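Letters A, B, C and D mark the chains in the order given here, with residues in each chain numbered from 1 onward.
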Amino acid sequence: MANHTELRVEQISKSFPGVRALQEVSIGFRSGRVHALVGENGAGKSTLVKIIAGVYRRDGGSILIDGQEVEIHDPRMANATGISVIHQEFSLFPELNVIQNLFIGMESTHAMGAVLDKRSMERRAREVLGRLGLSVAAGRPVKYFSVAEQQLMEIAKCLIRDAWLIIMDEPTSALSDSEKNTLFNIIRAMKEQGLAILYISHHLEEIAEIADEVSILRDGRLVGTYDVGAVSLANITNLMVGKDIELVFNRTRKEPGRRVLEVKDLAREGSFRDISFTLHRGEVLGLCGLLGFGHAEVCEALFGLLSPEEGTILLDGRTAGFTSPLEAMKAGIMYVPEDRKREGLIQTMNAEENLSLMSLHWLSKLGWIDLKNQAAVARALIDRLSIKVTTPKQGVDSLSGGNQQKVVIGKCLSRTPRLLILNDPTRGIDVGAKEEIYRIIDRLAGEGVAIIMISSELPEYVGLCDRVLVFRHGRIIKEFAHEAFDQNRILAYMLGTAEG
Amino acid sequence: MAKADRRRRAAGGPFFRLILEQYSILILVIAASAAFALFNPRFLTLENLINLSRQIVPMGLLALGASFVLIGGNLDLSAGVGATVCGAALGVTFVVTKNVALAFLVGIVTGLAIGTVNALFIAKAGFGSVIVTLAVMTILQGGIQLLLAGRIVFLSHPLFAFISRGTVAGIPFTFLVLVAFFLLAWYLLNQTKFGVHLYAAGGNRRIAEVVGIRIQRVHFLTFVISGLLMSVSGIVLVSRLALISPNLSGFPLLLNGVSAAVIGGISVTGGRGNAGGVFLGIIFIGVVSNAINFLNVTPEAQDLFRGLLVVFALIFQQLTIRRRLPAGSASGAGTGGAAGVKEVKGEL
Amino acid sequence: MNRLKQTLRYRIKLFTLLGIVVVLIVVFSLASPFFLSVTNFVNVVVHSSILAILAIGMTCVIISGGLDLSVGSIIAFAGVVGVLAFRQTGSVILGLAACVTSGGAMGVLNGLLIGYMGINAFIATIATLAVFRGATLMITGGHTISVTDPAFNFLGQGQILRIPVIIPALAALYVLFFFVLRRSVLGRSLYAIGGNARAARVSGIRVRLVTLGVYVLSGTLAGICSVYVIGRLSSLQPWAGLGAEFETIVAIVLGGINIAGGEGDLLESLAGVAIIAIILNAINLVPTIDPFYQSVVKGGIILAAIAIYERFKIATSR
Amino acid sequence: MKGLRLVIMVALIGLVALSLGFARGNRPEREGTAAPEKPVVGAVMVDITNPFFVQVMQGGNTMGEALDVEIIWKSSEGSLEKQLALIESFIEQEVDCIWVDPLDPEAVKPPIRKALAAGIPTVTGANLVEVPGNVSTPFPSYDAFYQLTGMIAAYLGNEGSVVYMSGIPGNWILDQYQAGFEDGMKRFPDIDILSIQPAKMDPALAAQIMESWLTTYPKGSLDAVVFTTDPDMYAAIEAMKNAGRAGEFALFSQNGDLPAVEMIENGENGVKIDLLSHGIRIGAFNLMVAARLAKGEKFPEVLWFQYAPVMTEATWDKIVAAGYRKDVQKGDPFSEDYITPERAKEVIADAASEFSDWQPPK
């Protein structure tokens, strides 16, 4: 199927007002290889991808396929030349059914290209989905399918487009580990069939597992391209950041203080049941489990986003069932949502307004916001979390991922919370930013804040938590104390492969 | 994941929901008709049903046009007045030239022209559809005055008479026309590339662009279609009255049409809905406004009556149509962009 | 940097608006000798005062990402309630209070449908538009109720130091709501909801409540309008405020506010109102604009304005 | 780039509209209002999208020619707020006389007073506006339909069933017709009013209403249909034709439009009586008053405008034989007992001459 052998970008440059996103980058992507692209946020990964995919026009340089130069003006053209992109945010249409989604933009038709040839599309779809081991009702709107299934549909889309270069941007960010493995197997299979895969991820261990070669970008420049076998994850990190990081997790543990939170027999139909645990001052409690295993829902329930049907929540010994986030906040519980874009930030507002959003009720008197006070609070948070902004009035949409995440966390810290819930606080941000956030967590714990955290990376549990609760199908099936931490065993419990 | 997913399906019961989504409006129609029939048995006589089938045609055509535009994520407020303008253009041409064929041609061309102007501003230049069509509507209101110079124009010709009262196998000709257009619409939406692309463009503009759908073209087409349908609606309207008068009001007709479309399951935010639902929607509105005259609702109470029924219908529809994804945590990354936002709007 | 761009764009927007206003004034002064005069200026303000009041509420609603088409009908219905209360009790205060509060009450209905039922604002308020107008016709039997109470008439026609009462009232309202939007919790919540409703909820903003609130606000302002209308017309018209909603939206969009929500500023809508007001007044004043051409001219000017914004990439989306 | 082209394009649209406006101006010279020799009448109509007011303007213009005055026509577009605004801007323009067709007799009083205070004489058409110094030319709407019921009753032989298609609820004049109709009918207990539905001056609605009536009342159960205005009747007649029941009922209406008059003449569709008010006559009459006021003439404060029932001699004889007697309530609504369709046509043809040397009744 691979009708090409290599796509090379030569001396590609691109700059936006105020930023030089890419400077003379040259990389080659060969069929039958998985090529990883790494770099901190703002290093130029997505810019490069967008140029290859025809979303951006490059300022300088050239793109060559099998040695001869090509022009890619728009996504349509990219598709035509066999390049497909799977974006982090899926490009599926919830209301359209599977077939319509798979063939969107390139439907096969008869009668002067207007009337759909449904039969042939259906046939092709079945065949491709079959290859991915996915058997679904192809006539159903995709909004009724699980994230993993949708992920596979994205891949099916590429295959149907006869793509030979498939670009995957953080393909695992929403997948559980088992789903991840399925994906990797599929990637390997595609590799066998001679496709070229450009794999973008922050999870270096994934890269070690799946990639053949890795290119590292820093500040819009290519640091270099290496065979994965030839470099250790440590050097990759160093090369990305440009400085040596000896210890990522610097967690100073001490005796947890008095009990802050006690949860008894919490249950919610279809989400979780028999949930009981306690949490103390200065303690970091990790809730881990696969997607949909209920740990995330428990957090939402604690913050009043979901209402539990049974059970009690005791905060400092007093019963506290919250029906709205505001109540929870007033009781000193703060929540950092998992999805920055959808739940964390108001894109139309500036940093200062976003930072003060969760403190409005005490920044204001009689419904009027004390702007001086607000500015001060924002200023303080910006310094405290060293958020990089030109001015507090800078629009958040123009901040880098890491800084956006810091703003989201900052929102919760305008007053030291009693209980802080972090739902995957380091999702999709670069190593440098991650490390800073680890420090923040540590500092907060040191200040006596009780912290509950969920992460998509096991090492974070091991590195940051004092205790970890493993969820499976809505139940707590295992508790690990810090000294008993062991990534593999935790994983085993999550996957249900461990005994008792 | 398998387990998690099974739970999702269980909680979802999508097929049941789909059925309910489809039939909620049908239930509504039946309930309404039954209720009215109770008050006045003659309501369900063949004669009245034929009246009904005649009365809904102009509104129905507008509703259909509106549906296309709405699925694309826009709004065409000019359609109602546009219809009357087409009627006026047709009438004037007929009176001046006495040539029916030419008159109809002019009527339809006028509609297409209006649609194209909207399309140019909205699809090509990317202005907001609400404001543009509002402005165009204002202009058209002046246009009809200029066309008719404020006078009533009478249309006496067998062809108008036929459109007005002609029947095929006992079914009013115009109603058949309406049905034909709905079948056509169903075909366009479900069997053609344009249809799929339209849903995509309305469902999530950004993604649609990335997969290389020519959004401009799609939107352009929707407004032209709306233009065509407004002209047909106008033709039917004036033929039914055999006259065109400047205070023939098209705007309420459109508002009813839009309500019908929405009650029929078209999402005002775009990307959702189908021809069948809209058809039931217009029948519901038709039944209601027919009943108003039929049940002798006192003149002053009529608007209230109509309004309350529409509100009720909207609430009912809201309760039956599922907006949110099936159960499963906030990990909405999968549902993607605007779709995600839309779901959320539903759940807030 | 980005912020700077924003402020710059904002300035450009205001300057554009200012420019349009100036051009209009010049054109119309040429077309009519009576256009440039103090009394006519007063006329312009008085004639557009309803529009101006409604524009405040509509701006808030639009910023929150909604739309309220029922305000025109609320004016009439609130008026009915007010007048009835006045007739029953004979107390002006109660009458006025009834106007305003009943307006708010109707806002509650909108708010419930939109905020709690989750019905799309456009469609929901189209329906309530019919309901309120219908209720008005039902109660009044479609007849005008004349109100010759000095207090009402003072609010509608009275003058303080030869300045119509409504003008200072307007000024007050605008100053108040300018600050409400700029620095009140309510205002901030509106921007947040319009910008990203879900994030707003997660940030502890009571989205449903605030949504309800903003429609109550818009309803209340419509109620205030009805007081003024009754006073000015020394009677209650069952058709009062007909079509006011669309004129208001046009004005706001002319102000360059994005109907998608999350952005906007009262100054902009004020400018929009000014443009509409001037156009309408000029159409009245210029003797040679044939009545048949009124709406053509109006529509043409609106289109022109939008086009100019597009030139500066101001007006956006539906 | 594209943006620019559009700006130009659209700006052009706007300018064209404006210039057209100037071009189609009622008078060639631009600031005609300033021209001293010719008195200027500012005319505030209710809503020119209504054919009736177009006729009014027609009649006004012809009379304007005859009496050599300039007229500035403005439309309130059905909104009272706009109407007041228009009156105020006419005061601003210092016209020589303001002629208002009020949406509401109460509401226009303040601006009328304002005008009179500014020394501008005012005429209010259609209904009584009791402001000292203002001249009202009210329609005898109430009495006209009160009398009409008498004729209808006589025609039906004092028994039978009728339906009434009313106008826009809340429109003062149209409500007066309805009131006159209902009160008048009270005198005839054996005639029942089966239904009253508002056509809201919208032909489409009129047709729809007629259709429901046709379904509700099978052959023989309905004798007469009464309309507020002729356009409604035309639409309804179309509906009757659709049902193949045209001519089954006796039709009564108001306006005196040419088509209606001709139907009476040719005995088509069962149209029996049409009250001749006619926009052209009304326009001519009011403009005549306004023009003379503008020239400094004085009039009594109330000048009743008069209708005339149009019917064939046959019909007249029939209702007289059946015992129709005019019994006047407030004032005689009719200038003549009845006029034949032929006469009616002539009257409409030159409305100017009917009123140009009209004198108020002593």
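Simple rule for what comes next: a residue touches a chain if its C-beta (ideal position, glycine included) is under 8 Å from a C-beta of that chain, and two chains touch if they have at least 3 such contacts.
The shown structure was predicted, so the numbers you read here are calculated from the model rather than taken from an experiment.
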| item | value |
| --- | --- |
| Shortest contact path, chain A to chain D, counted in steps | 2 |
| Partner chains shared by chain B and chain D (touch criterion as defined above) | C |
| Most widely separated chain from chain A, with each centre as the mean of CA atoms | D |
| Pair of chains joined by more contacts [C-beta pairs], B-C or A-C | B-C |
| Rounded Å distance between chain A and chain C, as computed from the means of their C-alpha atoms | 44 |
| Centre-to-centre distance between chain C and chain B (centres being mean Cα positions), rounded to whole Å | 29 |
| Whole-Å gap between the CA centroids of chain C and chain D | 34 |
| Cα-centroid distance, chain A relative to chain B, in whole angstrom | 42 |
| Junction residues of chain A - those touching two or more other chains | 305, 337, 342-343 |
| Chain C residues counted as touching two or more neighbouring chains | 137, 140-142, 196, 198, 201, 292-294, 296-297, 299-300, 303, 306-307, 310 |
| Per-residue multi-chain contacts in chain B, two or more chains | 121, 125, 139, 141, 145, 149-150, 299-300, 302, 341, 344 |
| Listing of all chain pairs that touch each other, if any do | A-B, A-C, B-C, B-D, C-D |
| Contact set on chain C toward chain D in their complex | 27, 31-34, 37, 39-40, 43, 46-47, 50, 137, 140-144, 146, 148, 157, 229, 232-235, 237-240, 242-243, 280-281, 284-294, 296-297, 299-301, 303-304, 306-308, 310-311, 313 |
| Touching residues (chain side chain C, partner chain A) in the complex | 1-3, 6, 183-186, 188-189, 191-192, 194-196, 198-206, 262-263 |
| Residues of chain B that touch chain A when the two form their complex | 1, 3-5, 7-12, 14, 191-194, 196-197, 199-200, 203-204, 207-213, 271-272, 325-337, 339-341, 343-344 |
| Chain B contact footprint on chain A (complex, rising order) | 53, 55, 74-76, 79, 85, 87-96, 100, 103-107, 109, 113-116, 118, 140-141, 143-144, 146-151, 173-174, 176, 178-179, 270-271, 290-294, 296-297, 300, 305, 337-339, 342-343, 423, 473 |
| Complex contacts: residues of chain D adjacent to chain C | 3-4, 6-7, 9-11, 13-18, 20-22, 24-27, 30-34, 45, 48, 72-75, 77-82, 84-86, 88-89, 92-94, 103-104, 106-107, 109-110, 168-172, 175 |
